[in-house]
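Shown below is the structure under consideration.
Labels run A, B and C following the written order; every chain starts at residue 1.
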Amino acid sequence: MTQSKPHQAEFRSPSDALSRLGIVLPPAPKPVASYVPCVRTGNLLIVSGQLPFRDGTLLAIGAVPDPVSIERAQEAARQCILNGLAVVAGECGGSLDGVARIVRLGVFVASCNGFTEQPKVANGASDLLQQIFGEAGRHARAAVGTNALPLGASVEIEMMVELR
Amino acid sequence: MTQSKPHQAEFRSPSDALSRLGIVLPPAPKPVASYVPCVRTGNLLIVSGQLPFRDGTLLAIGAVPDPVSIERAQEAARQCILNGLAVVAGECGGSLDGVARIVRLGVFVASCNGFTEQPKVANGASDLLQQIFGEAGRHARAAVGTNALPLGASVEIEMMVELR
Amino acid sequence: MTQSKPHQAEFRSPSDALSRLGIVLPPAPKPVASYVPCVRTGNLLIVSGQLPFRDGTLLAIGAVPDPVSIERAQEAARQCILNGLAVVAGECGGSLDGVARIVRLGVFVASCNGFTEQPKVANGASDLLQQIFGEAGRHARAAVGTNALPLGASVEIEMMVELR
(Lines give C-alpha, C1' and ligand atoms only; values in the text may rest on other atoms or scores of the structure.)
Protein backbone atom coordinates (compact mmCIF):
# COMPACT_ATOMS: atom_id res chain seq x y z
CA MET A 1 0.00 0.00 0.00
CA THR A 2 3.05 2.24 0.32
CA GLN A 3 5.91 3.15 -1.93
CA SER A 4 8.17 1.05 0.26
CA LYS A 5 6.40 -2.18 -0.72
CA PRO A 6 6.45 -1.99 -4.50
CA HIS A 7 5.88 -5.69 -5.16
CA GLN A 8 2.82 -5.96 -3.01
CA ALA A 9 1.48 -2.74 -4.39
CA GLU A 10 2.19 -3.84 -7.93
CA PHE A 11 -0.74 -6.23 -8.14
CA ARG A 12 -2.98 -4.45 -5.65
CA SER A 13 -5.75 -4.45 -8.24
CA PRO A 14 -6.18 -4.78 -11.98
CA SER A 15 -7.44 -1.20 -12.09
CA ASP A 16 -4.20 0.02 -10.55
CA ALA A 17 -2.21 -2.08 -12.98
CA LEU A 18 -4.06 -0.60 -15.93
CA SER A 19 -3.30 2.91 -14.69
CA ARG A 20 0.34 2.08 -14.09
CA LEU A 21 0.62 0.55 -17.58
CA GLY A 22 -1.13 3.57 -19.10
CA ILE A 23 -3.83 1.35 -20.59
CA VAL A 24 -7.33 2.64 -21.21
CA LEU A 25 -9.66 -0.16 -22.20
CA PRO A 26 -11.54 0.34 -25.45
CA PRO A 27 -15.33 0.65 -25.35
CA ALA A 28 -17.03 -2.72 -24.92
CA PRO A 29 -18.09 -4.01 -28.32
CA LYS A 30 -21.79 -4.16 -29.06
CA PRO A 31 -23.56 -7.48 -29.53
CA VAL A 32 -23.42 -8.53 -33.18
CA ALA A 33 -26.07 -10.64 -34.85
CA SER A 34 -27.25 -13.72 -32.96
CA TYR A 35 -24.30 -14.13 -30.67
CA VAL A 36 -23.07 -11.98 -27.84
CA PRO A 37 -19.67 -10.81 -26.57
CA CYS A 38 -19.88 -12.97 -23.44
CA VAL A 39 -22.09 -15.28 -21.44
CA ARG A 40 -21.94 -15.80 -17.70
CA THR A 41 -22.67 -19.24 -16.28
CA GLY A 42 -22.24 -19.53 -12.54
CA ASN A 43 -19.11 -17.55 -11.78
CA LEU A 44 -17.55 -18.32 -15.16
CA LEU A 45 -17.56 -15.76 -17.93
CA ILE A 46 -17.13 -17.14 -21.45
CA VAL A 47 -15.87 -14.41 -23.79
CA SER A 48 -16.37 -14.74 -27.55
CA GLY A 49 -13.40 -14.95 -29.88
CA GLN A 50 -11.88 -11.47 -30.16
CA LEU A 51 -10.19 -10.00 -33.22
CA PRO A 52 -7.42 -7.38 -33.04
CA PHE A 53 -9.58 -4.36 -33.78
CA ARG A 54 -8.27 -0.97 -32.68
CA ASP A 55 -10.42 2.05 -33.40
CA GLY A 56 -12.43 0.01 -35.86
CA THR A 57 -9.51 -1.32 -37.89
CA LEU A 58 -7.74 -4.67 -37.68
CA LEU A 59 -4.17 -4.27 -36.42
CA ALA A 60 -2.88 -7.20 -38.46
CA ILE A 61 -4.29 -8.97 -41.50
CA GLY A 62 -2.74 -12.06 -43.04
CA ALA A 63 -0.66 -15.06 -42.07
CA VAL A 64 2.38 -15.13 -39.81
CA PRO A 65 5.30 -14.74 -40.41
CA ASP A 66 4.63 -13.45 -43.93
CA PRO A 67 3.17 -10.91 -44.52
CA VAL A 68 2.70 -10.34 -40.78
CA SER A 69 5.80 -10.49 -38.56
CA ILE A 70 5.83 -12.28 -35.22
CA GLU A 71 6.23 -8.93 -33.48
CA ARG A 72 3.20 -7.49 -35.25
CA ALA A 73 1.18 -10.61 -34.43
CA GLN A 74 2.16 -10.29 -30.76
CA GLU A 75 0.82 -6.76 -30.81
CA ALA A 76 -2.37 -8.08 -32.38
CA ALA A 77 -2.66 -10.74 -29.67
CA ARG A 78 -2.30 -8.01 -27.07
CA GLN A 79 -5.09 -6.05 -28.74
CA CYS A 80 -7.38 -9.11 -28.75
CA ILE A 81 -6.91 -9.28 -24.98
CA LEU A 82 -7.65 -5.58 -24.53
CA ASN A 83 -10.88 -6.06 -26.47
CA GLY A 84 -11.73 -9.15 -24.44
CA LEU A 85 -11.07 -7.31 -21.19
CA ALA A 86 -13.34 -4.52 -22.37
CA VAL A 87 -16.06 -7.15 -22.66
CA VAL A 88 -15.28 -8.43 -19.16
CA ALA A 89 -15.34 -4.93 -17.71
CA GLY A 90 -18.61 -4.24 -19.50
CA GLU A 91 -20.09 -7.28 -17.75
CA CYS A 92 -18.69 -6.22 -14.37
CA GLY A 93 -19.86 -2.66 -14.04
CA GLY A 94 -16.94 -1.10 -15.88
CA SER A 95 -14.08 -2.48 -13.80
CA LEU A 96 -11.80 -5.51 -13.95
CA ASP A 97 -11.60 -5.74 -10.18
CA GLY A 98 -14.32 -8.40 -10.13
CA VAL A 99 -12.02 -10.85 -11.92
CA ALA A 100 -10.92 -13.70 -9.67
CA ARG A 101 -8.82 -15.53 -12.23
CA ILE A 102 -8.10 -15.69 -15.93
CA VAL A 103 -8.81 -19.40 -16.46
CA ARG A 104 -8.14 -20.17 -20.12
CA LEU A 105 -7.16 -18.63 -23.43
CA GLY A 106 -7.87 -20.21 -26.78
CA VAL A 107 -5.42 -18.60 -29.22
CA PHE A 108 -5.70 -19.06 -32.99
CA VAL A 109 -2.87 -17.73 -35.13
CA ALA A 110 -3.24 -17.40 -38.91
CA SER A 111 -0.15 -19.31 -39.99
CA CYS A 112 1.83 -19.90 -43.13
CA ASN A 113 2.47 -23.60 -43.69
CA GLY A 114 5.59 -24.43 -41.72
CA PHE A 115 5.18 -21.67 -39.14
CA THR A 116 5.63 -23.17 -35.69
CA GLU A 117 6.01 -20.25 -33.28
CA GLN A 118 2.39 -19.78 -32.29
CA PRO A 119 3.44 -19.77 -28.60
CA LYS A 120 5.59 -16.68 -29.16
CA VAL A 121 2.62 -14.91 -30.69
CA ALA A 122 0.35 -16.01 -27.85
CA ASN A 123 2.83 -14.64 -25.32
CA GLY A 124 1.77 -11.18 -26.43
CA ALA A 125 -1.57 -12.01 -24.83
CA SER A 126 -0.30 -13.97 -21.85
CA ASP A 127 2.33 -11.46 -20.79
CA LEU A 128 -0.20 -8.63 -20.78
CA LEU A 129 -2.60 -10.62 -18.60
CA GLN A 130 0.10 -11.28 -16.06
CA GLN A 131 1.03 -7.60 -16.08
CA ILE A 132 -2.55 -6.60 -15.38
CA PHE A 133 -3.64 -9.34 -12.98
CA GLY A 134 -0.44 -10.72 -11.49
CA GLU A 135 -0.84 -14.32 -10.29
CA ALA A 136 -4.56 -14.19 -11.07
CA GLY A 137 -3.63 -13.53 -14.68
CA ARG A 138 -1.71 -16.77 -15.15
CA HIS A 139 -3.95 -19.01 -17.23
CA ALA A 140 -4.22 -22.31 -19.04
CA ARG A 141 -3.76 -21.92 -22.77
CA ALA A 142 -4.21 -23.71 -26.06
CA ALA A 143 -2.38 -21.99 -28.93
CA VAL A 144 -2.71 -23.39 -32.43
CA GLY A 145 -2.28 -22.33 -36.03
CA THR A 146 -4.92 -22.08 -38.72
CA ASN A 147 -5.00 -21.30 -42.42
CA ALA A 148 -7.88 -18.81 -42.23
CA LEU A 149 -9.48 -16.48 -39.69
CA PRO A 150 -12.49 -14.15 -39.83
CA LEU A 151 -11.92 -10.96 -41.87
CA GLY A 152 -8.39 -12.16 -42.53
CA ALA A 153 -7.27 -11.32 -38.99
CA SER A 154 -3.86 -12.63 -37.94
CA VAL A 155 -5.02 -13.63 -34.47
CA GLU A 156 -8.26 -14.57 -32.70
CA ILE A 157 -8.45 -15.15 -28.94
CA GLU A 158 -11.27 -16.42 -26.74
CA MET A 159 -11.23 -16.33 -22.93
CA MET A 160 -12.69 -18.11 -19.93
CA VAL A 161 -12.66 -15.95 -16.81
CA GLU A 162 -13.64 -16.69 -13.22
CA LEU A 163 -15.47 -13.83 -11.51
CA ARG A 164 -15.66 -13.21 -7.79
CA MET B 1 -49.76 -17.17 -23.21
CA THR B 2 -52.51 -15.73 -25.43
CA GLN B 3 -52.76 -14.76 -29.07
CA SER B 4 -52.83 -11.13 -28.02
CA LYS B 5 -49.24 -11.30 -26.69
CA PRO B 6 -47.41 -12.80 -29.63
CA HIS B 7 -43.90 -11.75 -28.56
CA GLN B 8 -44.12 -13.22 -25.12
CA ALA B 9 -45.68 -16.37 -26.51
CA GLU B 10 -43.01 -16.65 -29.19
CA PHE B 11 -40.30 -17.86 -26.83
CA ARG B 12 -42.59 -19.54 -24.32
CA SER B 13 -40.50 -22.70 -24.63
CA PRO B 14 -37.98 -24.27 -26.98
CA SER B 15 -40.48 -27.09 -27.61
CA ASP B 16 -43.03 -24.57 -28.84
CA ALA B 17 -40.41 -22.89 -31.00
CA LEU B 18 -39.47 -26.21 -32.61
CA SER B 19 -43.12 -26.89 -33.44
CA ARG B 20 -43.61 -23.41 -34.81
CA LEU B 21 -40.49 -23.75 -36.97
CA GLY B 22 -41.57 -27.20 -38.14
CA ILE B 23 -38.37 -28.77 -36.81
CA VAL B 24 -38.25 -32.38 -35.68
CA LEU B 25 -34.95 -33.17 -34.01
CA PRO B 26 -33.04 -36.12 -35.44
CA PRO B 27 -32.48 -39.20 -33.25
CA ALA B 28 -29.71 -38.67 -30.71
CA PRO B 29 -26.49 -40.14 -32.08
CA LYS B 30 -25.12 -43.24 -30.37
CA PRO B 31 -21.84 -43.13 -28.46
CA VAL B 32 -18.95 -43.87 -30.80
CA ALA B 33 -15.73 -45.52 -29.68
CA SER B 34 -14.14 -44.17 -26.50
CA TYR B 35 -15.80 -40.81 -26.45
CA VAL B 36 -19.40 -39.86 -25.90
CA PRO B 37 -21.80 -37.31 -27.41
CA CYS B 38 -21.87 -35.21 -24.25
CA VAL B 39 -20.71 -35.01 -20.65
CA ARG B 40 -22.51 -33.21 -17.85
CA THR B 41 -20.46 -31.52 -15.15
CA GLY B 42 -22.48 -29.63 -12.57
CA ASN B 43 -25.18 -27.89 -14.59
CA LEU B 44 -22.98 -27.57 -17.67
CA LEU B 45 -23.38 -29.90 -20.61
CA ILE B 46 -20.37 -30.22 -22.90
CA VAL B 47 -21.44 -31.49 -26.33
CA SER B 48 -18.90 -33.14 -28.62
CA GLY B 49 -18.04 -31.62 -31.99
CA GLN B 50 -20.95 -32.28 -34.34
CA LEU B 51 -20.72 -32.85 -38.08
CA PRO B 52 -23.49 -31.93 -40.54
CA PHE B 53 -24.96 -35.41 -40.89
CA ARG B 54 -28.54 -35.66 -42.10
CA ASP B 55 -30.03 -39.12 -42.47
CA GLY B 56 -26.55 -40.61 -42.32
CA THR B 57 -24.99 -38.43 -45.02
CA LEU B 58 -22.87 -35.30 -44.67
CA LEU B 59 -24.70 -32.26 -46.02
CA ALA B 60 -21.52 -30.56 -47.18
CA ILE B 61 -18.05 -31.92 -47.90
CA GLY B 62 -15.09 -29.76 -48.81
CA ALA B 63 -13.74 -26.29 -48.24
CA VAL B 64 -15.67 -23.02 -48.35
CA PRO B 65 -16.27 -21.16 -50.65
CA ASP B 66 -15.10 -23.68 -53.27
CA PRO B 67 -16.44 -26.30 -53.76
CA VAL B 68 -18.94 -25.53 -50.97
CA SER B 69 -20.79 -22.20 -51.15
CA ILE B 70 -21.31 -20.02 -48.10
CA GLU B 71 -25.04 -20.71 -48.30
CA ARG B 72 -24.48 -24.46 -48.31
CA ALA B 73 -22.06 -24.16 -45.41
CA GLN B 74 -24.64 -22.16 -43.45
CA GLU B 75 -27.11 -24.99 -43.98
CA ALA B 76 -24.44 -27.41 -42.77
CA ALA B 77 -23.86 -25.28 -39.67
CA ARG B 78 -27.58 -25.37 -38.99
CA GLN B 79 -27.54 -29.16 -39.28
CA CYS B 80 -24.62 -29.41 -36.83
CA ILE B 81 -26.77 -27.54 -34.31
CA LEU B 82 -29.79 -29.78 -34.89
CA ASN B 83 -27.56 -32.79 -34.23
CA GLY B 84 -26.11 -31.15 -31.14
CA LEU B 85 -29.58 -30.30 -29.84
CA ALA B 86 -30.60 -33.93 -30.37
CA VAL B 87 -27.76 -34.83 -28.03
CA VAL B 88 -28.93 -32.26 -25.50
CA ALA B 89 -32.53 -33.51 -25.69
CA GLY B 90 -31.31 -37.07 -25.29
CA GLU B 91 -29.59 -36.05 -22.08
CA CYS B 92 -32.67 -34.19 -20.84
CA GLY B 93 -35.42 -36.77 -21.21
CA GLY B 94 -36.23 -35.96 -24.81
CA SER B 95 -36.98 -32.25 -24.48
CA LEU B 96 -35.02 -29.03 -24.84
CA ASP B 97 -37.06 -27.32 -22.13
CA GLY B 98 -34.38 -28.10 -19.54
CA VAL B 99 -31.94 -25.76 -21.29
CA ALA B 100 -31.23 -22.62 -19.26
CA ARG B 101 -28.77 -21.04 -21.69
CA ILE B 102 -26.69 -21.82 -24.73
CA VAL B 103 -23.30 -20.71 -23.36
CA ARG B 104 -20.75 -21.20 -26.12
CA LEU B 105 -20.26 -22.46 -29.65
CA GLY B 106 -16.92 -23.51 -31.08
CA VAL B 107 -17.32 -23.32 -34.86
CA PHE B 108 -14.72 -24.75 -37.24
CA VAL B 109 -15.16 -24.02 -40.95
CA ALA B 110 -13.17 -25.92 -43.57
CA SER B 111 -11.72 -22.97 -45.47
CA CYS B 112 -9.87 -22.32 -48.68
CA ASN B 113 -6.79 -20.19 -48.13
CA GLY B 114 -7.97 -16.60 -48.23
CA PHE B 115 -11.54 -17.31 -47.13
CA THR B 116 -12.45 -14.90 -44.35
CA GLU B 117 -16.23 -15.15 -43.91
CA GLN B 118 -16.36 -17.82 -41.22
CA PRO B 119 -18.73 -15.59 -39.18
CA LYS B 120 -21.32 -15.69 -41.98
CA VAL B 121 -21.16 -19.48 -41.98
CA ALA B 122 -21.42 -19.61 -38.21
CA ASN B 123 -24.51 -17.39 -38.33
CA GLY B 124 -26.37 -20.38 -39.76
CA ALA B 125 -25.89 -21.96 -36.34
CA SER B 126 -26.34 -18.85 -34.23
CA ASP B 127 -29.52 -17.66 -35.91
CA LEU B 128 -31.19 -21.04 -35.45
CA LEU B 129 -30.34 -21.08 -31.75
CA GLN B 130 -31.91 -17.68 -31.25
CA GLN B 131 -35.02 -18.81 -33.15
CA ILE B 132 -35.39 -21.84 -30.89
CA PHE B 133 -34.37 -20.40 -27.52
CA GLY B 134 -34.88 -16.64 -27.82
CA GLU B 135 -32.65 -14.70 -25.42
CA ALA B 136 -31.47 -17.97 -23.84
CA GLY B 137 -30.09 -18.94 -27.24
CA ARG B 138 -27.72 -16.00 -27.52
CA HIS B 139 -24.25 -17.41 -26.90
CA ALA B 140 -20.56 -16.67 -26.86
CA ARG B 141 -18.81 -17.93 -29.96
CA ALA B 142 -15.41 -18.62 -31.43
CA ALA B 143 -15.50 -19.16 -35.20
CA VAL B 144 -12.30 -20.04 -37.03
CA GLY B 145 -11.16 -21.60 -40.26
CA THR B 146 -9.21 -24.81 -40.74
CA ASN B 147 -7.66 -26.66 -43.66
CA ALA B 148 -9.10 -30.07 -42.75
CA LEU B 149 -12.05 -31.52 -40.82
CA PRO B 150 -13.12 -35.08 -40.00
CA LEU B 151 -14.57 -37.02 -42.95
CA GLY B 152 -14.05 -33.93 -45.09
CA ALA B 153 -16.99 -32.12 -43.49
CA SER B 154 -17.32 -28.42 -44.25
CA VAL B 155 -18.28 -27.49 -40.70
CA GLU B 156 -17.86 -28.88 -37.17
CA ILE B 157 -19.52 -27.30 -34.13
CA GLU B 158 -19.17 -28.03 -30.42
CA MET B 159 -21.46 -26.59 -27.74
CA MET B 160 -21.46 -25.71 -24.06
CA VAL B 161 -24.96 -25.57 -22.60
CA GLU B 162 -26.23 -24.61 -19.16
CA LEU B 163 -29.05 -26.80 -17.89
CA ARG B 164 -31.64 -25.83 -15.32
CA MET C 1 -11.19 -56.59 -5.17
CA THR C 2 -10.37 -60.22 -5.85
CA GLN C 3 -9.05 -62.13 -8.82
CA SER C 4 -12.48 -63.68 -9.24
CA LYS C 5 -14.06 -60.34 -10.10
CA PRO C 6 -11.78 -59.07 -12.84
CA HIS C 7 -14.18 -56.54 -14.33
CA GLN C 8 -14.92 -54.81 -11.08
CA ALA C 9 -11.26 -54.84 -10.21
CA GLU C 10 -10.33 -53.55 -13.60
CA PHE C 11 -11.47 -49.99 -12.95
CA ARG C 12 -11.03 -49.99 -9.20
CA SER C 13 -8.93 -46.86 -9.49
CA PRO C 14 -6.91 -45.00 -12.08
CA SER C 15 -3.77 -45.75 -10.04
CA ASP C 16 -4.44 -49.47 -10.36
CA ALA C 17 -5.11 -49.10 -14.06
CA LEU C 18 -1.81 -47.29 -14.57
CA SER C 19 0.04 -50.12 -12.78
CA ARG C 20 -1.77 -52.77 -14.76
CA LEU C 21 -0.99 -50.96 -18.03
CA GLY C 22 2.64 -50.54 -16.99
CA ILE C 23 2.39 -46.76 -17.31
CA VAL C 24 4.54 -44.43 -15.26
CA LEU C 25 3.46 -40.83 -15.68
CA PRO C 26 6.17 -38.42 -16.76
CA PRO C 27 7.20 -35.62 -14.41
CA ALA C 28 4.73 -32.76 -14.42
CA PRO C 29 5.93 -30.05 -16.77
CA LYS C 30 7.10 -26.78 -15.24
CA PRO C 31 5.19 -23.57 -15.82
CA VAL C 32 6.46 -21.82 -18.92
CA ALA C 33 6.41 -18.08 -19.39
CA SER C 34 3.16 -16.31 -18.48
CA TYR C 35 0.85 -19.24 -18.67
CA VAL C 36 0.57 -22.33 -16.51
CA PRO C 37 -0.02 -26.04 -17.11
CA CYS C 38 -3.49 -25.94 -15.56
CA VAL C 39 -5.98 -23.77 -13.71
CA ARG C 40 -8.61 -24.99 -11.29
CA THR C 41 -11.94 -23.22 -11.16
CA GLY C 42 -14.47 -24.77 -8.80
CA ASN C 43 -14.08 -28.49 -9.32
CA LEU C 44 -13.04 -28.12 -12.95
CA LEU C 45 -9.42 -28.37 -13.98
CA ILE C 46 -8.52 -26.74 -17.29
CA VAL C 47 -5.30 -28.24 -18.67
CA SER C 48 -3.24 -26.31 -21.22
CA GLY C 49 -2.70 -27.71 -24.71
CA GLN C 50 -0.16 -30.51 -24.46
CA LEU C 51 2.40 -31.46 -27.09
CA PRO C 52 3.72 -35.01 -27.55
CA PHE C 53 6.99 -34.55 -25.70
CA ARG C 54 8.68 -37.68 -24.37
CA ASP C 55 11.95 -37.25 -22.51
CA GLY C 56 12.26 -33.75 -23.89
CA THR C 57 11.75 -34.64 -27.56
CA LEU C 58 8.62 -34.41 -29.69
CA LEU C 59 7.41 -37.89 -30.69
CA ALA C 60 6.05 -36.69 -34.02
CA ILE C 61 6.76 -33.59 -36.08
CA GLY C 62 4.91 -32.71 -39.26
CA ALA C 63 1.53 -33.19 -40.90
CA VAL C 64 -0.53 -36.37 -41.04
CA PRO C 65 -0.52 -38.64 -43.04
CA ASP C 66 2.70 -37.48 -44.70
CA PRO C 67 5.35 -37.40 -43.32
CA VAL C 68 3.70 -38.66 -40.12
CA SER C 69 1.60 -41.82 -40.36
CA ILE C 70 -1.77 -42.16 -38.66
CA GLU C 71 -0.28 -44.80 -36.34
CA ARG C 72 2.55 -42.49 -35.33
CA ALA C 73 0.10 -39.65 -34.76
CA GLN C 74 -2.02 -41.91 -32.55
CA GLU C 75 1.05 -42.62 -30.47
CA ALA C 76 1.67 -38.88 -30.27
CA ALA C 77 -1.93 -38.32 -29.15
CA ARG C 78 -1.42 -40.92 -26.43
CA GLN C 79 1.71 -39.09 -25.29
CA CYS C 80 -0.15 -35.76 -25.15
CA ILE C 81 -2.60 -37.41 -22.76
CA LEU C 82 0.17 -38.84 -20.58
CA ASN C 83 1.65 -35.37 -20.31
CA GLY C 84 -1.74 -33.89 -19.53
CA LEU C 85 -2.39 -36.50 -16.86
CA ALA C 86 0.98 -35.70 -15.33
CA VAL C 87 -0.28 -32.13 -14.97
CA VAL C 88 -3.50 -33.38 -13.39
CA ALA C 89 -1.62 -35.62 -10.97
CA GLY C 90 0.71 -32.74 -10.10
CA GLU C 91 -2.35 -30.68 -9.15
CA CYS C 92 -3.84 -33.55 -7.13
CA GLY C 93 -0.99 -34.54 -4.84
CA GLY C 94 0.64 -36.93 -7.26
CA SER C 95 -2.30 -39.25 -7.95
CA LEU C 96 -5.07 -39.47 -10.53
CA ASP C 97 -7.51 -40.90 -8.02
CA GLY C 98 -9.01 -37.45 -7.42
CA VAL C 99 -10.37 -37.37 -10.96
CA ALA C 100 -14.15 -37.63 -11.05
CA ARG C 101 -14.54 -37.43 -14.82
CA ILE C 102 -12.65 -36.56 -17.96
CA VAL C 103 -15.06 -33.96 -19.35
CA ARG C 104 -13.66 -32.77 -22.67
CA LEU C 105 -10.73 -33.10 -25.04
CA GLY C 106 -9.84 -30.53 -27.66
CA VAL C 107 -7.71 -32.37 -30.22
CA PHE C 108 -5.79 -30.53 -32.94
CA VAL C 109 -4.12 -32.65 -35.63
CA ALA C 110 -1.56 -31.15 -38.02
CA SER C 111 -3.10 -32.22 -41.31
CA CYS C 112 -2.17 -32.33 -44.95
CA ASN C 113 -4.85 -30.79 -47.13
CA GLY C 114 -7.36 -33.54 -47.82
CA PHE C 115 -6.64 -35.55 -44.67
CA THR C 116 -9.93 -36.41 -43.02
CA GLU C 117 -9.16 -39.05 -40.38
CA GLN C 118 -8.57 -36.80 -37.40
CA PRO C 119 -10.97 -38.97 -35.33
CA LYS C 120 -8.70 -42.00 -35.80
CA VAL C 121 -5.75 -40.00 -34.52
CA ALA C 122 -7.78 -38.69 -31.58
CA ASN C 123 -8.76 -42.25 -30.67
CA GLY C 124 -5.17 -42.76 -29.53
CA ALA C 125 -6.00 -40.29 -26.77
CA SER C 126 -9.57 -41.39 -26.10
CA ASP C 127 -8.83 -45.11 -25.88
CA LEU C 128 -6.07 -44.54 -23.35
CA LEU C 129 -8.37 -42.45 -21.15
CA GLN C 130 -10.97 -45.18 -21.12
CA GLN C 131 -8.30 -47.75 -20.24
CA ILE C 132 -7.14 -45.66 -17.30
CA PHE C 133 -10.43 -44.31 -15.98
CA GLY C 134 -13.11 -46.71 -17.26
CA GLU C 135 -16.51 -45.03 -17.56
CA ALA C 136 -15.13 -41.89 -15.92
CA GLY C 137 -12.70 -41.62 -18.82
CA ARG C 138 -15.38 -41.33 -21.50
CA HIS C 139 -15.39 -37.71 -22.56
CA ALA C 140 -16.84 -35.18 -24.97
CA ARG C 141 -14.43 -34.37 -27.77
CA ALA C 142 -13.80 -31.93 -30.58
CA ALA C 143 -11.20 -33.16 -33.05
CA VAL C 144 -10.15 -30.94 -35.93
CA GLY C 145 -7.31 -30.49 -38.38
CA THR C 146 -4.94 -27.56 -38.70
CA ASN C 147 -2.14 -26.53 -41.03
CA ALA C 148 0.33 -25.58 -38.29
CA LEU C 149 1.01 -26.42 -34.63
CA PRO C 150 3.58 -25.17 -32.11
CA LEU C 151 7.12 -26.46 -32.69
CA GLY C 152 5.80 -28.40 -35.66
CA ALA C 153 4.12 -31.00 -33.44
CA SER C 154 1.72 -33.39 -35.15
CA VAL C 155 -0.84 -33.25 -32.36
CA GLU C 156 -1.88 -30.89 -29.56
CA ILE C 157 -4.51 -31.82 -26.96
CA GLU C 158 -6.16 -29.77 -24.22
CA MET C 159 -8.33 -31.24 -21.46
CA MET C 160 -11.17 -30.30 -19.13
CA VAL C 161 -11.31 -32.54 -16.07
CA GLU C 162 -13.78 -32.70 -13.19
CA LEU C 163 -12.16 -33.31 -9.82
CA ARG C 164 -13.82 -34.83 -6.77
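The rule is simple: a residue touches a chain if its C-beta (ideal position, glycine included) is under 8 Å from a C-beta of that chain, and two chains touch if they have at least 3 such contacts.
Owing to the predicted nature of the structure, the values given are computational and were not obtained by experimental measurement.
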Fill in the blank from the handout: Cα rotation angle, chain A onto chain B, in degrees to the nearest 5, is 120
Problem - Interface residue identity across copies chain A, chain C - same or different by half - result: different
Practice task
Could you grab the centroid distance between chain A and chain C? Build each centroid from C-alpha atoms only and quote it in angstrom.
Solution key: 27
Handout entry: Contacts with 2+ other chains: residues of chain C
Key = 42, 146-147
Exercise for the section: Please name which positions on chain B make contact with chain A in the complex. Expected result: 42-44, 101-105, 109, 111-119, 122-123, 126-127, 129-130, 137-147, 160, 162
Problem - Of all residues in chain C, those that touch chain A in their complex - result: 31, 33-39, 41-42, 46-49, 106, 108, 146-152, 156, 158
